[in-house]
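Single-structure report; data block below.
Labels run A, B, C and D following the written order; every chain starts at residue 1.
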Amino acid sequence: MTNYTPTEMMTVTAARALGNQDVCFVGIGMPSAACNLARLTHAPEITLIYESGTIGTKPDVLPLSIGDGELCETAMNTVPVTEMFRYWLQGGKITVGFLGAAQLDKYGNINTTVIGDYDNPKVRLPGGGGAPEIATSCGEIFLVMKQSKRGFVEKIDFVTSLGYGKGGDDRASYGVTTKGPSRLITDLCIMEPHSVDKHFIVTSIHPGVNRDDIIAATGWQVEFADEIAQTPVPSDHELQILRDLHARTNAAHEGQ
Amino acid sequence: MTNYTPTEMMTVTAARALGNQDVCFVGIGMPSAACNLARLTHAPEITLIYESGTIGTKPDVLPLSIGDGELCETAMNTVPVTEMFRYWLQGGKITVGFLGAAQLDKYGNINTTVIGDYDNPKVRLPGGGGAPEIATSCGEIFLVMKQSKRGFVEKIDFVTSLGYGKGGDDRASYGVTTKGPSRLITDLCIMEPHSVDKHFIVTSIHPGVNRDDIIAATGWQVEFADEIAQTPVPSDHELQILRDLHARTNAAHEGQ
Amino acid sequence: MVAQFMSLKNAVATCVQDGDVIAMEGFTHLIPHAAGHEIIRQGKRDLTLIRMTPDVIYDQLIGAGCAKKLVFSWGGNPGVGSLHRLRDALENGWPRKLEIEEHSHAAMANAYDAGAAGLPCAVFKGYRGAELPRVNPNIKFIKCPFTGESLAAVPAIRPDVTVVHAQKANKKGDVLFEGIVGVQKEAVLAAKKSIITVEEIVDDFADIPFNAVMLPNWAISTIVHVPGGAHPSYAQGYYKRDNAFYKAWDNIARDRDSFKDWIDQHVMNGGPEDFATRLKMHNAKAEA
Amino acid sequence: MVAQFMSLKNAVATCVQDGDVIAMEGFTHLIPHAAGHEIIRQGKRDLTLIRMTPDVIYDQLIGAGCAKKLVFSWGGNPGVGSLHRLRDALENGWPRKLEIEEHSHAAMANAYDAGAAGLPCAVFKGYRGAELPRVNPNIKFIKCPFTGESLAAVPAIRPDVTVVHAQKANKKGDVLFEGIVGVQKEAVLAAKKSIITVEEIVDDFADIPFNAVMLPNWAISTIVHVPGGAHPSYAQGYYKRDNAFYKAWDNIARDRDSFKDWIDQHVMNGGPEDFATRLKMHNAKAEA
């Protein structure tokens, strides 16, 4: 099964970053697909938490919204949303949070609020939701996002959620003690933060992608690591599981 | 059934102060007996709440401790103790709180902490427990306590819980907006706060008690209202229900 | 003070006044859509609408012109895309200009918690390095008096009326929530008045667990029996989420005219009894 | 990081160090008496003991000389009277001087909540007009940044070890609490390490309600199977409170020698397996 889409490549790569010991705060869309793929392949003991209050959920189909019944029915436990944000997220119990963005800068700061001016937006986006505190309370953050010049920008229009701020020690200056965005997984490559300055550096390139593709899809000056890996391709097994998951999901959502 | 003890008189009088609409924060001992007597006689719809988290409980026997299984088994709902103190008590959902004291002053301030100096106590009492916030968060407070010169004192050794403070508007000066101790029910009489100064005034005397009995059992200068009622005697029905309740309770606790 | 059973029309007419601050909650689950329609039908105006996720229910209220202000933390159609009526109001002021007060989920959840707890504000570890505090004066920072740590503070949410949907009431008016319970209990406890629509009214709650999520009748103003009243949201144990409707809403709401037609047809000329019917159609389709 | 099943001896030896800050919770219900005995048996010293209601369990630990400091809100034998060992320590410094940090229930409950929530302090409407703030420097007041209202603040409780008892664990190490759940969940979430003794270990939790009070295995350090381990407290669904023992304790603890004899006989020369036996005797007596 050598055929796979860039989105599948991205999803499988994100899934592989997770392990059995992880407690993940899962968002809707790609993060949900990646986390459940991990659960259905190499990390059956992974704990998936959705902000609707479901702890240790094992959905058979992906939820369309963050609080679908499937999540609760398959969860170990469902708690009030107040408790989810207070005891579990703020309480520091989550090892990994997944975030995406409309705009992202090279320090992993993200914008999901507005394009343009806050008071006179060109495009009004949904807003932060759980992200501002997910970004600071989870042990580390995996950013997952398709690359484009429009999305990967030098300066984001609004800092919805903190990454490394202005870089270096800036993140800690806000009283934040968690690690921050430790990897950025795109449809083209994997980037990781520079050990000191914290800007993202390309450390692994997906098969069939070249450096110019990445540069052309990035609004900041791309830096490449001295040694760059090639991201392993999705296995047949992973692709099969992922496609089955999506097929079940589509069938279920159409039926509803 | 003309024979009744002063404690029975006090319990029945306290019970009669409660109605179907009340939501009571019930303490162990006399308050528990009075609240359940009310429930088993004229106020079957009264809501009894114990600080262990049991809401709308209807125990068949009185609990020895504030969290006996009987309370949970007969409750409408049992919530965590954090929720009990945060949403229900502090949230202002309780209409009446019952408190007793080791020492009480004429403004209804109570001491359940120490006799003597705090750091070198003559007698170390159990402490405040729920009382400091019960005293300020409940709609009103009923104080129930046997009268004695040792208990009804001019100056209490430690202000565990606020009554009317130094009197007048002093209670409100602490940011407290609830009514405070609106009646004091003893084994001898009922006292109510003066409309302006808020010191307790005897407004009803139990049958067979005379003014000198009250004066002799009170450490502050007793004030009597211009018109003083005679407290109605317990009915046969009330006494029967109360005695049955105590009999069931004693049998149950012995058996355990 | 004890919960009164009444019709949805009466409940909304009695509890909701023009200019009120209203919270309608339900986190994906148990969203009180029937009550939302009734508020539109009664032409309530100048409402401040509070909700963590103002999805389709508030898109409808905003598009229908009921709202003066929105307090929220995530405004989208989950898994589908934008709320077009919300965006039209924010970007173009249609049908009227909409003020917003924007928070994070953590802030809103803590603010409901504080409201239920009778506190004037919520204190939490939030908004660190985030830009919302620049544009929302209702986000402040205080210092922990013991450690000096900076903590975010937001005002408690204390709605005039909270509207939620639940699975069951018993005849005394106690209410039971099961499954994803969101912030509903907090929102009701934080409010001056409440309207709770329920799927079912039962004689009593036999055999429910000791630690169920419940509200006693004396903590509720009004209860309304509206089977299907959460549709297109869902009620665990009763019916599933109508995901197809959420997807269809994207097209309905994209255009002002098609939105108005939909509101005329399904809200202005409809009633709470339609929800049971809609549910039957949805279930029939799901089984087909 | 996932909960480990071990013997009570190992759990206490592994988790509890001299000088630790320990919370042992259970509000009348599910008090971890067997674990308390094990701490005495292992001769732990200089502990800071936290508990809302330091009843018989802490009277034993204090009388046995394990405690340097007590953080509490109500210190009595409920419905019976004084805790004589606690009073002897406070009034006479026997067997050693005991520092105290005294709060109200509301303060302690909020402080556990804050600990679970990762906050440095709890903010609440408390201690208004009360005198404890004069003698306890860990009670401060802050102002609401929106209303100016004065609010009490206390440090969050963050124990080194929390010890609680629960009804059930499953084989994966998830734990279920039912009935009066007190502050146990908060106390475990607030702690660096935890010991949970349970009545029963089951294969899995089939058919438990969606919204049960639970802790997942990754939020727990150690689980110990100790049937009867809450006696003379009780475990809803398993056994009743041994009220007669609580009354008998009054006489046992009143006198230093009779207390020491009791500890020698029942604790120093006993073990966790005695609790199942004690339970059988208690149940036999109750049925007689």
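What we mean here is this: contacts are C-beta pairs under 8 Å (C-beta built on N, C-alpha and C of every residue); 3 or more make two chains touch, one makes a residue touch a chain.
The shown structure was predicted, so the numbers you read here are calculated from the model rather than taken from an experiment.
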| item | value |
| --- | --- |
| Given chain A and chain D, the chains that contact each of them | C |
| Of all other chains, the one whose Cα centre sits farthest from chain B | A |
| Distance from the mean Cα position of chain C to that of chain A, given in whole angstrom | 28 |
| Distance between the centres, which are taken as Cα means, of chain B and chain A, whole angstrom | 57 |
| Chain B and chain C: spacing of chain centres that average the CA atoms, whole Å | 40 |
| Of all residues in chain A, the ones touching two or more other chains | 72-73, 78, 86, 90, 137 |
| Shared-contact residues (touching 2 or more other chains) in chain D | 113, 117-119, 124-125, 149, 179, 181, 186, 210-213, 236 |
| Chain contact topology (line, ring, star, complete or other) | other |
| Which pairs of chains touch, using the document's own definition | A-C, A-D, B-C, B-D, C-D |
| Residues on chain D engaged by chain B in the complex (per definition of touch) | 27-29, 52-53, 55, 72-76, 78-80, 82-83, 86-87, 90-91, 102-106, 109-110, 112-113, 124-132, 135, 149-150, 179-183, 185-186, 213, 234, 236, 240-244, 246-247, 282, 285-286 |
| Chain B - residues contacting chain C, complex | 21, 23, 47, 55-56, 72-73, 75-79, 86-87, 90-93, 137 |
| Partner chain C, residues of chain A touching it in the complex | 28-29, 51-54, 63-69, 71-73, 78, 80-82, 84-86, 89-90, 109, 113, 118-119, 121, 123-124, 126-133, 135-137, 158-162, 165, 170-171, 174-176, 252-256 |
| For the chain C and chain D complex, residues of the former touching the latter | 117-121, 123-125, 138, 140-142, 144-147, 149, 151, 153, 155, 177-179, 181, 209-213, 236 |
| Sites on chain C touched by chain B in the complex | 1-2, 113, 116-119, 174, 186, 189, 205, 210-212, 214, 216, 218-219 |
